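The same chain A turns up in both complexes below, where it pairs with chain B and then with chain C.
Entry: the complex of A and B
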């Protein structure tokens, strides 16, 4: 389809080249009108140029409209999954608490972002928050590392925090997200990274137009035990008798690993929903902009066309009146 | 006085209503939970969960996870769960046979462990189907 358009385009440009001199002014070939105008020294945009612009803007409008519909259908598919996975991490938070203000030595920030662009500002907000958390948690004895999921955050964070990046995963959305894949990923991260607290940064999907950047904190088992003794929310943990393992720490370790993979699963689904929603609204505003541009170009085109017709008429009439004498 | 049972998996909520009693299988054996049980948090093994509503027992196959019991509220979080009534006996039997064949073929520690897990999962499903009938 693109090749045929190119061929048609070529023919239109080739035609005036074959006929370098406009023989008959009554021919009113639009393609040669720009040559007449430049010969007369009148400065105006030729209709050909305007028509080309209109064509490309119209194509852009069609493409962005199609992209919006694709994003809408993808959103519908992931949205049900995301809502179903929300119920899973709530018991964990009820039992272990979500304490972003916990003070630990080794922080790891897991930033979730998208692989493809054209999705509005969600990736930039995630990166901004990650950088903010990094500043908050980096200090004399503390260290803070990044684990990055998604191409876009990697591109932004590699520029200034290259030495702090521990792991980076990309191309996660090739297959639809399912729990087993995320469990394997979570396992990978837990094996390769030393951590006391994992902070997952993602965009929570509240509605099709609202995406809230959020962070969930998962603590390592040793920190959980330490905080449990200190009291507070985690203090309730001690009121539960822990069974099902050799020792309490073994169960706690399994529990935190399970919590991490559940929270990751939910975070990735929510981020994917936010990505599709942001892309929908970005593409929607893009099609609307293209429509506005098209309106303005149409007005310019009509003005140019009418100006050239008027000029031709003036020439003919003045020529005729000169002949009459 | 009834217990409120919630069985959650990453993909969906499998059960969320009141029951009279449940029997859960954990790493250290089976535990029965009646109303006003002491609060405990335990790991759940790959096995069968039996639920009693009035006088009827229902089975559910669970694929490992955690359970928290407290205040007459039971929350079970598992990797996957299937109701006994939703499992096709024929298909479960076939899966069991395939898992057994895989275990015999498996080489290397990792493959043996994975084949063992798959076998236990398949066996649980078959038991869940058989236990009702």
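Entry: the complex of A and C
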């Protein structure tokens, strides 16, 4: 295959030599391979251009490899925290059930996304699911608002749903995630947003290569009471005695607020893990791609180099044969 | 280059076959009624995207209420950063409910209670393990499972007496110098926690 390419190159290069183009033997064409003159529609890439391209691709490969290592170390740090926090929301689901199909007037979709990019498709997935939930819960007398955590979802949702965005929080991961920060955030959201049902959309971390889009539903205390009376999953709630001097509605209010902060904490940790995992695989495939490009460019470089050597030889030989005969 | 093609195809096919034959370990056999309603509604409106999963898909379903009172109580104590006890079979737990210490035995009536800062003691045979809880909620279900969700739980032997005294004095001083309601409330909360800690150490 290389010989055929050389022959092709030779034929291509030989064509312009027939023209009255003075060949300067003093010029060393190998040392400074500048772009050759384009004659008769002949295209030839010089080795300098290919070398530059190879240098930049090599740099990109190094950068993406480094980013993958960084993401791997961040993932290790946060994965244990996420797995330990998984027990936090289970008691609430065991008590209050899981009611994603609840029909309420005021829906609030809390979309959790990352601030930084280069993490694959997880943010787009979250936004797609949020838009899907919005469509599912749209209807007469029903309203559906967004609360956005993270820059990436905000950038995507602001384009077509700007009027539906209630609150947006960014720069949440400047300090490592802890429960106090999330509790304050949850408090903020609950105070400023009217809701009957909060639907939290995030990517659950299943493994380093698998992230499952998930939605958790937290109901407001009034809706919990309504559903408990209606029966169904929450029907057993009335059988629970409420200990304490406070009224049932106060306890339910505290309960739902606590549930929201616990579910948010787990969701944010899972999403952060998914982000790092997705970034790892994105950077890995990028380095691999850069490696492939480098291989191809090396072949092109060698071909170009050999072609210019062949050209040089042809020039010399044809010049010598012109002098002789 | 074409020589590699069969290898690629074989790899692709075997990967696909592996994906289909090995189910996710988190998938549970039965979907609950609410989930299937949600999934159906989603599939009708948005057929191109898979519906998101919901928390019940990641949780083992709880056992139903048995007809006879079981001999042991199953306790789960969870914190935001750790599950201290998960499905531990014990004889009795005493939780620091807002109305005082509440003992929970197997067969206790289903209860939801808020917790105030205090001691949780877990009785297993002759062992008693004590944790100081910072507050949270406790659910006792009819099937003798108790879920205790707290923000912080430390074993009592890790609490430093001197720091407790210092903290108590500090918050009492803050209460005296507090001007706004918010500051007063914060100082009061601090005093409550530190007095509970004090009582935990002495009592």
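One rule holds for everything that comes next: the second predicted complex is superposed on the first by the 279 of 325 C-alpha atoms of A that agree within 3 Å, B and C clash if a C-alpha of one lies under 4 Å from a C-alpha of the other, contacts with A are read in each partner's own complex, and residues count from 1 in each chain.
As a working rule, contacts are C-beta pairs under 8 Å (C-beta built on N, C-alpha and C of every residue); 3 or more make two chains touch, one makes a residue touch a chain.
No experiment lies behind these values; they were computed from the predicted model shown.
Student: Will chain C clash with chain B on chain A after the two structures are superposed, or do they fit?
Tutor: Chain B/chain C on chain A - steric clash.
Student: Look at A:217 in the shared chain and tell me whether it touches chain B only, chain C only, both, or neither; answer first, second, both or neither.
Tutor: Touch status of A:217: second partner only.
Student: Please work out whether A:277 is in contact with chain B alone, chain C alone, both, or neither, and reply first, second, both or neither.
Tutor: neither
Student: Look at A:132 in the shared chain and tell me whether it touches chain B only, chain C only, both, or neither; answer first, second, both or neither.
Tutor: In the superposed model, A:132 contacts chain C only, not chain B.
Student: Is A:262 touching anything from chain B or chain C once the two structures are fitted on A? First, second, both or neither.
Tutor: Once the two structures are laid over each other on A, A:262 reaches both partners.
Student: When the two structures are overlaid on chain A, which partner does A:150 contact: first (chain B), second (chain C), both, or neither?
Tutor: neither
Student: Per the overlay, which chain contacts more chain A residues, chain B or chain C?
Tutor: If we count touched residues of chain A for both partners, the winner is C.
Student: Tell me the contact category for A:206 with respect to chain B and chain C: first, second, both or neither.
Tutor: In the superposed model, A:206 contacts chain C only, not chain B.
Student: Show me the chain A residues, by the header's touch rule, that chain B contacts in one structure and chain C contacts in the other.
Tutor: Shared contact residues on chain A: 81, 84-85, 87-88, 91-92, 95, 178-179, 239-245, 251, 254-255, 258, 262, 265.
Student: Would you mind writing out the residues of chain A in touch with chain B in their complex?
Tutor: Listed in rising order, the residues of chain A that touch chain B are 81, 84-85, 87-88, 91-92, 95, 178-179, 183, 237, 239-245, 251, 254-255, 258, 262, 265.
Student: Across the complex, what residues on chain A touch chain C?
Tutor: Those residues of chain A that touch chain C are 81, 84-95, 97-102, 128-129, 132-133, 135-136, 178-179, 201, 204, 206, 212-217, 232-233, 236, 239-246, 251, 254-255, 258, 262-263, 265.
Student: In the complex, go through chain B and note every residue touching chain A.
Tutor: 6, 8-13, 26-28, 31, 38-45, 65-66, 68, 70, 75, 77, 79
Student: List the residues on chain C that touch chain A in their complex, please.
Tutor: The touching residues are 24, 26, 32-35, 37-38, 41-42, 45-46, 49-56, 58-59, 62, 76, 78-83, 86, 97-99, 102, 109-114, 136-137, 139, 141-142, 145, 147, 149, 151.
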